[in-house]
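Quick one: structure below, then a few questions.
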């Protein structure tokens, strides 16, 4: 009879510990990265390109990686939106809500979302060899676009699905064309698009395995789409595998920059979601 | 629009076919069974045994799951069955952070904190020497990485259990935990299974973080303090030199195909279960 | 021993004095009870005495707070966010509102609940009835078999389901499910039964069966039901509580309230001016 109260207390203690563990993990990671990175970071690192002998500890910075990441993320986010917004509209407005095709499509995007980026990378790499392309900025952009499309589509789709179909009918019955109606919908799901974009940017900027194959790595800022480009995650990875402490320190500094960017993006996402859920229809 | 939708769907198919065609040459020399069961990896001598890599992946993923599952279940039960609103408000950002951090950052964290901890503190109690770059390090890092996914899936699944069921159980005098255990979790079992499968498939494909803490020795690990070499790490580490030998390329593409097929099947299975649950 | 350890580290395990309470006087009494959800007052200054071994019907227009009152009796209202309560509800001298932990759980055992929509737990028919016993630590195959048989017989379900006790309870018809829920709450030997519009989801025939069961059961239990159909209250109520906008307007024996209502609001409600 009493054992169930004891069990309840034990479980409560375990729950408190688990909660603490999760918060602890998050805090520990952020603290480790900031603590280690802050003692290493200098203005030179974020503002200059790798100099001669960079990987044996000579001077220089990782501006090439920052710029490369920005190029790839910006371009692939733009391409991703260009492809996913029409798809989301197609799934939600043109297809009936019980459509078999929509079911299969959603399933496929969820599955694509689950495919590891290294598989995307390996696949894109073979494709590029087949097409006679070398590792380049373009390759990095394309594989990152493929990588984020499923996330973009599914997270926008979740928001658009809650859009009441009666409202569509109302719009049609007022004599609006399909295009005008789409305008109405677009305005309503704007916050959804914003969060989906932030989510994708977060994933795109952190991805290493996909771009490893396709964008290659380079010590300079690419000046055309056909040149290879460096990215922050790869820059961290490569510098950390060097034996010299100076090079490793730069990796920690780069990790700090990357973490900072990702945390800001994630906070912004939460903020928008919060605002959005307040004045949702 | 239909075109875009259709094209993006075909991607799944094209990927499968592409990877198969690229890995086909290796099947001319070796049978599938031989590839998966042999444990010698000497590409330049035409020996491609994937067994160590398969075992490495299984070990790391297994440890990650063993660590993450009880933790995430307890957290999810707390969030849905116990928590007041204000605790959730303070707790969710921590999950957000864990979900948002890129895998290379997990790798840095693992090599700065977990690896030294294992080699200096934990391992000496059990074995004579361990570098710290071990199965266990990979498992711990991976488990933290899949935590947010598991928790958010569990919370979503538990929220589909009708409140009336909880009321009915509590009205009979069940404690909250009894209700959670015998009603909520029991009813959610298919969903929990689906979530676990999804998390496993996420863990299987994780590359950089694991690569940075696992040691990457092509051997079958015998304890959690041995180094291991999971499949994604194999692909990532060797893509540079793979063009030097035709069969080497095919072997690595075969590795990618294994990952693709396993993850694809796991994802299909769990998503279909989750869709069903959401509908009912 | 363990409880002492827990007390040492700051947890108090309150041991329910079940034996003393079980057959003590079991009056349910509400005194000056107020309830808010957020800043919204839901119930205002409720004072009531629930008579024993009778069917008490709480009537009133929808949204008047009758379900909330019912849920306060077993504190299931706790799962609603932002609830505040004042006053007292006592069961045999023990204050329900100030109980927690083991005491609250013991109180809940003494007050059974038949929900609005039948909700069989996700287990077999047998498992549903045995659930209450199991969570209270009663084990043993033979004992549980006897309990299951007795309470299924009590609600007239035994002959219908005895061949398929191990099948999931979700396979029963709605009417059977509701009787199963009734049997399930009887199996923990409560003194009170709360029924929240327990027949509203049922077809007329099953509804009649459940109603007849309540009438039969009042010999051993005190029954409080919330109902939205006046006709049902007329048929089976012994005692009536009329609630309007969160306040008790009138209480009394069924005959008196229905045939000679004192208050004008009651008269209007009964004659169907509003509903």
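First chain written, first letter: the chains are A, B and C, and each begins at residue 1.
Going forward, a residue touches a chain if its C-beta (ideal position, glycine included) is under 8 Å from a C-beta of that chain, and two chains touch if they have at least 3 such contacts.
As the structure is a prediction and not an experimental result, all values here were calculated from the model.
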Centrality ranking, top chain (CA atoms only): B
Between A-B and A-C, the pair with more C-beta contacts: A-B
Farthest chain relative to subunit B (centres taken as mean CA coordinates): C
Subunit B and subunit C: spacing of chain centres that average the CA atoms, whole Å: 47
Centre distance in Å when subunit A and subunit C are each reduced to the mean of their C-alpha atoms: 51
Subunit A and subunit B, separation of their C-alpha mean positions in angstrom: 18
In subunit C, residues with contacts to at least two other chains: 105, 135-136
Multi-partner residues of subunit A (at least 2 other chains): 4-5
Multi-partner residues of subunit B (at least 2 other chains): 175, 178
Contact set on subunit A toward subunit B in their complex: 4-5, 7-8, 11-12, 14-15, 18-19, 21-23, 25-30, 32-33, 36, 83, 86-87, 89-91, 94, 103-112, 114-120, 122-123, 125-127, 146, 149, 153, 202, 205-209, 212-213, 233, 236-237, 240, 251-252, 255, 258-259, 262-263, 265-267, 269-270
Touch list for subunit B against partner subunit A, complex: 1-2, 4-5, 8-9, 11-12, 15, 18-19, 22, 70-71, 74-75, 77-78, 82, 91-109, 111-113, 144, 147, 151, 175-178, 198, 201-202, 204-208, 212, 232, 235-236, 239, 252-253, 256, 259-260, 263-264, 266-268, 271-272, 275
Residue ranges of subunit C in contact with subunit A within the complex: 2-3, 6, 11, 13, 15, 18, 101-102, 105, 135-137
Contacting residues of subunit A [partner subunit C, same complex]: 1-6, 9
Subunit B-facing residues of subunit C, complex: 74, 76, 79, 81, 105-106, 108-109, 111-113, 115-117, 119, 121-123, 131-132, 135-136, 181, 184-185, 188, 194
